[in-house]
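Take a look at these structures.
The two complexes that follow have chain A in common; it is paired with chain B in the first and with chain C in the second.
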Partner chain A sequence: MIKTHDLSKTYRSCGALRALSLKVAEGSAFALVGANGAGKTTLIKILVNLIQASSGSAYVLGVDSRQLSPQQFRRIGYVSENQELPGRLTVSGYLNYLRPFYPDWDIALEREITQRFKLPGDRKINELSHGMRVKMALACALPYHPRLLILDEPFSGLDPLVRDEFMEGLAAQAGDMTVLISSHDLGEVEGFATDIAFVDSGRLLFQEPLETLTDRVQQIKVTVERQSTRRDAVPETWIDIQETGNVLTFVDTQFSEFDLGERIRSRIDGVRDIEVQPMSLRAIFTSISRATRSVQE
Partner chain B sequence: MNSFGIKIRPGLSIFDQVVSGAQKAILSKELEKGQTFPSVRSLAVDLKIHPNTAHKAVQYLIQEKWLEVQPGIGTVVAGCPRKPSETRRHVIEQDVAMLVAEARRVGLELEELVDSIRKSWSKTQKSVEETAR
Partner chain C sequence: MIWHMFKKDLALMWRPILAVGSIQLAFTVIQLRLQSVDGSAVLQQLSQVLLWLWLMASVILAITVVHQDAVPSTKQDWLTRPVRRIDLLAEKLLFVFLMVQGPSILTDLVQGFANGFAVSQTISATLARAVVVFLALTLPALALGSVTESVTEAVVLVLVAFFGVFAFTMIAIGVAGGYGHQFDPTDFTGEGWLTNALRFFLLFIGGGFALLFQYQARKTKQTNILLGSTLLVLLFSQFIPWKPVFAVQKVLSPAPGLGKNVAMTWQMQPDTDGQAAHSQGQTENRLFIPLSVTGAPTDALLKADKSEVSISDQHGTRLYVGTGEDVEIRKDTAKEPLSYKQTVQVPPHIFQRLEHQPVSVNIMYSMTLFKLKSSYALRVVQDGQRMPGWGLCHSRINENQTAIEVSCIQIGKGPTCATVFLEHIPSGDRNPENTACYPDYSPFKDRPIPDVMTRFKLVLPFRDVSGLTKYPVDATRLADSKIIIRRYEPQDHFTRIVASPLLSIRDSASNN
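Here is the complex of A and B:
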């Protein structure tokens, strides 16, 4: 559905994307995760041909993104946080304007979505609140049954209620469509995403199915008898190690239940208890970003 | 409508949570035999999860005979397929594991934990009896 190879983008002397290779499979809900300035928006803009890459290649729906034509754009939905919408048109006015561009426009679906989002048809777009405008942008992107929906930071500036509505609208339509969603709002995408890619400073740290990520990365809490006991060199896969009182917590990025106690006891003395806790996507993201940053420093 | 009280918790498999949530609701008779089960789409919308995950969970529950497809009606609750007592234990396992972990962390002994479970149990029992009266 999407495939990039060694994609790089340099703004003046600043590298926004560095040899990023990524693959989004058809039918997946792919979350692109990374801190502000990691290069998520740059990547998305290259994918929809708003900007050009400095080097490398990007294919969307099997076509080089620089060659995307209306034929492909009819099957791509794009919603970004700062979506440009014609402010002087009314909600229905703009939908009326868009309809003829898309042969597959589904009026029943359009109605369902505008009702779900309670979009006032006679209101001018520049009189809408930010939340309404984002919902409007989604309402414009769904009725033609896109095969690929690209959402760039759709949740920023939305209150929890609107986020819920937005996610409900999305979940109702997701079905067979491939969704690429960039966000640092990990709570929102956690239930929805099937795949995750972490981007940091323009590089892809990894991409994998959410299930394997949450199985593989677990927080381990080790309670020891007393403080300052022997501690041998810990493996590189243990990150974000923290100590408070007699509790040592760390994140095991290659977690396996097999031999866990043995592996910990061989490195730490006086272990009283070992507890394994599953981590939320948000916690995984924070730990990994922190670890990456401390390595860079 | 909220799909039988499932609250998606972060970090755990969504599929597992939907499956065990449905099983708990069936065991507790919140969902009764013969009752229609939410559609994949409404499940996805309610829980804000990907429809494919909702679909997988429903398919699994059908395969395990918790649900059955009735032509013309949709997916309905078939009841508990195995011995209820075993299944009851099974679906609560994860919650017990979390409780045990928490207890160990604060340094509780097994007996003490069992004791506080007993107390909590009889307290609940009492309030149930009072409500019944």
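Here is the complex of A and C:
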């Protein structure tokens, strides 16, 4: 559905994207996660041809993103936190305007969505609150049953109630639609995404199904006999190592239960206890980001 | 989808469109009122204010129409919609043409029809004006709108361009040697339309290509460079050389060869021994060059579009190069040769160098031969006399009972060269003739500013309140008199060179 290869974008001398290669499978709910300024919006803007990459390639629906035509845009929905809708049109005025552009526009669905989101048809768009405007943008992106829905930081500035309404509305219509959603807040996508990609400083740290990620990345808590025991060089897959008294914690990014104790004891003396703790997506993201930055520094 | 997008823009923009249309309507009403209310200064000023207001409002409106679906933005919703960009561009062009220019097109048509001009004449003049306004005003405004996201940004860009042009002009003036230097040799000549046509062509190419490129590729930086380059080429167009422009005009002559027998020579004058006369002032010195003209057909008028003067010493070294003043020679009878004194202004410091040595004067004339095209006779007091090729005129005696005033209107470009006089029909006596030539050799019917109508007034005095001047056709003979208008049309363009023998300007001073 989406494929990028060595995608780079440079603004003056600053690299916003650095050789980013990504693949979004059809039917997936793909979360693009990264801190503010990581390059998520840049990537999405390249995907929908709002800006052009400095190098590399991006394909959306099998078409070079620079060549996206109305034919493809009829199957792409795009919602962004800072999308500018024609503010002087009313809600129904804009929906009326959009309808003829989409042969598959579903009026019943449009009505259902506007009712669900309680969008006032006679209100001008620039008189809507930020939350209502984001819902309006989603209401304009769903009625034509897009094959691909791209959501760029849709939850920014939304209160939890609106966010939940938004997600409920989205989940109700998702079906076999492919969804690419970017966010800096993992909590927002945790219950929704099937796949996840971490972007940091324009680089893709990894992408994989959410399920394998939470299995693969675990926090290990090792209790030793006494403080400052001997430790051999730790593997690169152990990150975010912290020592508090005689307790050592780290994140194993290639966790496997097989021979876990022996592998740890071969590197650390006096191991008294080993405890494996599953990590939340937020904790995984924080640990990986921290580790990446310390390597870069 | 073009019509669908058009309706959306109309729903968003109908209020400003109505406002700009109202300005246009008010302007037209005042113009019509000015036709009947003679010389109302207040109305004249109001019409000027409204004209400028309309121009600025139209530009801002055109820019705002484009901004409804801003192009350089990365936030506009339409960019990720199945909107064909070429359709959107077509919609904007259509919208601006119909909704921004539309009211002025409509009022032009109404004025033409209301004044009884022929349908074809009215439509062609209206369309010609609409095209000129589109190229000079609308297209640049659209192009500006396509590279900006807000009116403020557009205004900033206009200011940057304005100061750029200002700086360029200042530098050019500095390089050329000070104020008063005329860059465009076609300014105030009948050939000026060729330079303007070139500029319109540049605007069409530059503006049109910028719009196409920006809408298709959305590369604002490159489009700005393209627009900046167009502006630069437009600026340099004022340095267009005269000779190729005149050569083109020659090719376009309606009757080429009509002036082939016209000869212009230095007139040997026995009383001044063939010398040039001069008058000396503190800031300028004038040379009077005696000319003899033969070979012009009868009922013709010769006008120099440009006279390039060079003064050389006896060794042929050029001491001064400049331009002569207007030359206008009328030939009503078969009598030949015709004499004329060409005036040449020479700066004092040059004159001081010239007066102490023998010099020769060479003048290269770029001439236009006008031929009498039609004559009209108009009663002294008459309403609504329609004269084909001239316009619709009303004549009356002024309030002071000293002159006949003739007010005329013509749709599109009006007459450019004519002789007018009062003639007593029974005796054939005439008052002094009044010749006015403001040539424009353009083949187009356009009259871009302020509207499609050309309004002009002729004043023919018949009484001098001081009593110093006696007119052959005075108040007592007006009842049997008519206003005669003789309209001339340019027929041929050619060059002639006049060379003087070696002469001393200083010696000739005593003869002046």
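Please note the rule applied: the second predicted complex is superposed on the first by the 297 of 297 C-alpha atoms of A that agree within 3 Å, B and C clash if a C-alpha of one lies under 4 Å from a C-alpha of the other, contacts with A are read in each partner's own complex, and residues count from 1 in each chain.
Basically, contacts are C-beta pairs under 8 Å (C-beta built on N, C-alpha and C of every residue); 3 or more make two chains touch, one makes a residue touch a chain.
Note that the structure is a prediction, hence the values are computed from the model and not measured.
> If you stack the two complexes on chain A, which partner ends up touching A:27: first (chain B), second (chain C), both, or neither?
first
> Please work out whether A:225 is in contact with chain B alone, chain C alone, both, or neither, and reply first, second, both or neither.
A:225 sits against neither chain B nor chain C.
> Touch check for A:78: first (chain B), second (chain C), both, or neither?
A:78 contacts chain C only, not chain B.
> Classify the contacts of A:194 with the two partner chains as first (chain B alone), second (chain C alone), both, or neither.
The answer is first: A:194 touches chain B but not chain C.
> First (chain B), second (chain C), both or neither: which does A:45 touch?
second
> Let me test your reading of the model: by the given contact rule, A:208 touches which partner, first (chain B), second (chain C), both or neither?
After superposing on A, A:208 lies clear of both chain B and chain C.
> Mind working out whether A:159 is in touch with chain B, chain C, both or neither, as first, second, both or neither?
neither
> Go through chain A and flag every residue that touches chain B in one model and chain C in the other.
Common interface on chain A, chain B vs chain C: nothing in common.
> Spell out the part of chain B that touches chain A in their complex, as residue ranges.
Touching chain A: residues 8, 10-15, 41, 44-53, 101, 104-105 of chain B.
> Which stretch or stretches of chain C touch chain A in the complex?
1, 4, 8, 11-12, 68, 70, 73-77, 79-84
> Touching residues of chain A toward chain B in the complex: what are they?
Contacts found on chain A: 27, 29, 164, 167-168, 171-172, 174-175, 187-188, 190-194, 211, 214, 221, 223, 273, 275-283.
> In their complex, what parts of chain A are in touch with chain C?
Per the touch definition, chain A meets chain C at residues 45, 48-51, 70-71, 73-74, 76, 78, 80, 82-86, 88-89, 93, 97-98, 100-102, 137, 140.
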